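Next come two complexes, and both contain subunit A; in the first it sits with subunit B, in the second with subunit C.
The block that comes next holds the complex of A and B.
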């Protein structure tokens, strides 16, 4: 995963970070063991009671970016619970994996909460309680997250002794919607979970004074399907079908993270044709998402020409994808060890021709939109996210780049054939409003066109798929990819006979959703659909 | 749809008046060539949703993901992914088809899926008698929807794919409004509830309330493999198993996700605008 590091953006911290990691065991006696998994991945074990001391010591040194947090029920094998927290340090491609083992003898497994130190850990820790019953002690908001008010309080579905198909009884628990804003003139507007358009379900509870939003409580996980439980024990081939369908709009990014994680564990090296095709598919996915989003943004301000043109362009791309791969949403294009669909010369020329036309029409659409003052006025200054908020919540993707957080996995930790197309232009804005997010999308679309054209031009010959090789039991790995919405980080633990033992799927929407209520603050209620659309996050890959 | 719009302004598709032949890569109903089949059941073993059963060979289109794994796995290449996508059916049983696409005789396959309201946990659903009464009336009532149908979409735990496909119905190319079909914001204004997803536990209550908010006569259409059977996600602690575990379904539209044309076909079936041989019939020519 981490080859070709020489071409990423220069990071002056890298040598400091390496020195810091080398000195870790000396500076911190609370560390029980240190394992260098490879040159860029270090695993440290900290006992649960020392966890806050550990983070308090290391936090001021560097910027810690939370990638994912995985809880494991290891009572059968090792008589303990394990929590693994994976960090990226100071935007270098160096990963720190903090492992905590909680002894089984505790009747209620507990772990000090790190959310007060790192707000980004909020949902991970609440989910840890939801699925495993591991209590984050000191968490500022310990309500259940995925389990709504009708779930029994004793049901922790991802524990090993919970049956996958046992359907827990309905109960009534009225304390669920507790965070209320009160005061004179405060009006509550409940919206959802069934919304007025063709969109996914979530419950938004606005507290407004006049038209201004003073608080927004959002409840998600309505489409929680229990994917992580279902993946347990599945063969790696079967698991691919489920991971593809975690989210239709980011299927390439999700499946690519899955394939890369397993290929990294097995030590597979891909044919260069496969890596180029992966770039083409990943960029096609980004294209149709961004172009569709541009049209959807027009829907937020009632600019109908833009809505229809955006929808038409998206349809052209979906239709193109169906002609090339057989699936309008690119299901099944990626395989472990390569890709499942080859592009013939006639396919490539169709791709090139269609994209040239789409590019021309997209530029015309952008011009029409940005020359229309009533559109631009609504976009400007709406839904501002400050860089500090974005950094604290660990924002990724378009939302992060729109407020000056310069992160893109394609450049920082290159995968597939992205190293071949350097330098990849990563747009950046600092204003953090709806207009900034639109501008980022516009520039990313231009870059995707360039990347696909370059990939078509230099597409090497060769096989499209190689055998994956065997995966040793109990090995684990993770991989990062950049979806249209931001960085995806999936973590997998392999079981016996080439099966998945545990999967933790963390998508871009999972990280970015907490930003939306922040962006809505002090805006007027009618602007919320616009602000929401400018993030364009999925509910399905958040809820899993 | 003609392809000559490439480079020009797109024009609206004339499906279903004009039949459409999909591109060669499109994966429709898996078709079996019985002469080549050796009965090694490789297709059944490799099917991610166990939609295929061998001896006699049959496929449950309500579970099928149209992924092509069966065709890839067959050493004799007896299975081909046909381009057939007009697969919607009024009864769940009719989605279980043999190698040629004919529904399997229910008496021959005892394990056929039957719609069961397995999660009738909330005492809010209509009584069975009322449902029977509604069903008898429905055939006459669908005549009411011949020229105008208002749809309320409900996501009950989909992967977003079916929902994106539903939004494409409103784009300038598919434009279902030309068929008198439109999407409305409130269930109170809707004739038809178009449900995608596996019916998760967290959404069950909202789904039932949406259904109850609709006025009679009302139709329910289950969209996609998830809506028909739970699809790849099946049933788990978080719910699932398809829409008919909670709501009475009138038409099932298989696909993962169904193509926009397949959706239009299913909606026309729900409206009663297809004749007995399942051809589009424009009864009200202006």
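The block that comes next holds the complex of A and C.
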């Protein structure tokens, strides 16, 4: 089922989508205003009471893929709350931004929930309540998400009047576990938030009949860092340091989305050397993640050869990254307007040589793994995600491509120098099990090797960084990148004097975590660590 | 050969074997761990790590859940006591000091006692992991116990006695004679050994993936000295099962003479065979991933059938 589409898909829809957007104000009287921000980005304003009518009308027409949902506390400036929902339409690079203003005169800001229509909006809306106190009316599962029930529901951290250093009292409350699975023979197995390995906290509550999982409730956000609050008012340079450290394993993807968003607002055009270097760094990050994950999958089944070889290869790559950039996890390689690290010809030959060695050893590891029938048996049929589930929840990355959702930002909405390397092979599987996710990773690793080699070969000369230019206050923008775990979409609002006023970091893990409990259903409890590892999502990317 | 009364010699032999087994069992565990690490290109813990682990546990205060009853408190002593008894009973140096008393049914019974107590203790604390470990242990043991019984019975039929010493003696006497039957039963015994000692592909002894544990799950609530006893008992069990394997299925190189030269050569041969067994276990653990839990019955059923074959074959060609 290899799919080597080199051209962007769904080009045939593009003209239809454009026509549809042009006709929007005529067909839908509930739209208050329409702004064409650029050719591919249209902003419409809808009043809160018309939201459901709007979505009900447009939903059947095209495929709406939720990119992010941003809430803003604008009571001081405009006396309202604003919610912006950004959609990608039918896998074309055309974005629809739906803006809703909620008047501040309401004591409790309310917004009709769109989760019943678009299940992908579930977490965004719950988080909106936790951070802003905006109530999603009609949400099917309005439990708290990021701020657990121990947090009082009078403090909403991202409101402007909420002080950063406030430490509200702890409330003893067990409400989160209200919706229990009951019945004869159902056993509850609480796991975490403190785990037996060196991983970050999350609480998994299994309801199992015998060994079969009938329900899994997962609670995350135990170590929420409050980065979005922290970013408010920081200069754009300081903000880069913080965004870099949101998650070590996705540094390049996160920072690149930040840099690109700001460069897009400022209208900066990068030197082509910088864009090629960005591709090299982004692919290096994908490589060490995917190769490390291959080893981790072996840990899920107790296959020691694979665990050790995977760890060794990952270490070689991290070491290489330290030699090239001074940072094992590629901190500080990206700058606004370019990159911060140049690669000399000797660096490039070291990179090429090391990657050739890693590639050879990785192929041998893959052979060892896939020729071991016991390993393959454990992988096959475990943790199946159906395509329908993946589409409903808006899955991204490896998890989506493993069940037939053919999306990859590098090809669909190309950034950096990715257009130079067409065709980019995007692997696709339809079975959606652990084996499919492994195979996707294996093929993506091969493609990353190719991309890095090609980038080394065609690396143009030139400056590595250009001045960013000035960012007008109150301008906003977002950018997508493809991390090792899937599409990252960060949204930023610029404040006065080149500062960040509001940031909404949406990582791939944020979208994909809700898939994990779905994948675990009807599997047996001892298979869960394997299923979880096959997604290999970050906790840190959630706890931003 | 078979001592009818406990003479001073018997008691001396008992003490010698007991001291040997309980002092060397952690060493065997350390050897397997180190070998496994080396095969994975890790340095791994030093070979005497299990001793230092025991010393560490010994100096820590135990903590018991307030849900725990007397079963939880009693179990480590019962399990360790059972293993001490087996350490005297099972033939390690060719013949058991209690030869004649060492019926294989007694051995299986004592092992079952230890297992039942562990399982109850796992359930006793009403922790979810203990319960999971216990239920899986029962799932595995339902097939492991008959497997062990059939394997040993196959040897017993050949020896014409259910005494472990008689079986070991018969294997030693017939050494060099290649028997397809003993090959088959030996193979079945290896599967059973891996399952009994909680090793891959049945259980992962290194795992702290809470959700996949079997043996570790039952021990999860133990700490301090009781934990030391549980671990130690498990290592003794592993040592004894390997010793039995060596005596029944790897008789080569051990003689029945009692002169000084035979003592030296026998000790060397035994040491060599233990190291061989340790290498074998670590290689299997390295190459095999953990099986899907519900495929285990199939694996153990295969072992059982192979053992049955081994039992039938010699009788076919009699």
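Definition applied: the second predicted complex is superposed on the first by the 536 of 544 C-alpha atoms of A that agree within 3 Å, B and C clash if a C-alpha of one lies under 4 Å from a C-alpha of the other, contacts with A are read in each partner's own complex, and residues count from 1 in each chain.
Going forward, a residue touches a chain if its C-beta (ideal position, glycine included) is under 8 Å from a C-beta of that chain, and two chains touch if they have at least 3 such contacts.
Just so it is clear, the model here is predicted, and its values are computed rather than measured.
Student: Consider subunit A as the common anchor and indicate whether subunit B and subunit C clash or fit when overlaid.
Tutor: fit
Student: Using the superposition on chain A described above, determine whether A:308 touches subunit B (first), subunit C (second), both, or neither.
Tutor: After superposing on A, A:308 lies in contact with both subunit B and subunit C.
Student: Once the two structures are placed together by chain A, how many degrees is the angle at subunit A between subunit B and subunit C, based on Cα centres and rounded to a multiple of 10?
Tutor: The three centres form an angle at subunit A of 60 degrees.
Student: Thinking of the overlay built on chain A, is A:222 touched by subunit B (first), by subunit C (second), by both, or by neither?
Tutor: A:222 contacts subunit B only, not subunit C.
Student: Examine A:197 and indicate which partner it touches, taking first as subunit B and second as subunit C; both and neither are also allowed.
Tutor: both
Student: Applying the touch criterion given at the start, work out whether A:189 contacts subunit B, subunit C, both or neither, answering first, second, both or neither.
Tutor: Only subunit C is touched by A:189; subunit B is not.
Student: Mind working out whether A:211 is in touch with subunit B, subunit C, both or neither, as first, second, both or neither?
Tutor: After superposing on A, A:211 lies in contact with subunit C but is clear of subunit B.
Student: Comparing subunit B against subunit C, which has contacts with more of the residues in subunit A?
Tutor: Between subunit B and subunit C, the winner on subunit A residue contacts is B.
Student: What does the superposition give for the shortest Cα distance from subunit B to subunit C, in Å?
Tutor: For subunit B and subunit C in the superposition, the minimum C-alpha gap reads 5 Å.
Student: Taking the two structures together, which residues of subunit A meet both subunit B and subunit C?
Tutor: 196-197, 308, 312
Student: Can you name the residues of subunit A that touch subunit C in the complex?
Tutor: Per the stated touch rule, the residues are 187-191, 195-197, 211, 298-305, 307-308, 312, 372, 374-375, 377-378, 524-529.
Student: Touching subunit A in the complex: which residues of subunit C?
Tutor: Listed in rising order, the residues of subunit C that touch subunit A are 36, 39-42, 128-129, 131-132, 136, 200-201, 204, 206-212, 285-295.
Student: So in the complex, which bits of subunit A are touching subunit B?
Tutor: Touching subunit B from subunit A are residues 148, 150-151, 155, 157, 162-170, 193-194, 196-201, 221-227, 229-230, 238, 241-242, 245-249, 308, 311-312, 314-316, 318, 322-329, 331-332, 353-354, 357, 538-541, 543.
Student: Please output the residues of subunit B touching subunit A within their complex, sorted ascending.
Tutor: Touch list, subunit B to subunit A: 6-7, 10, 22-23, 25-27, 48-49, 65, 67-69, 81, 119, 121-122, 153-168, 170-174, 183, 185-187, 197-198, 200-203, 205-206, 210, 231-240, 256-257, 259.
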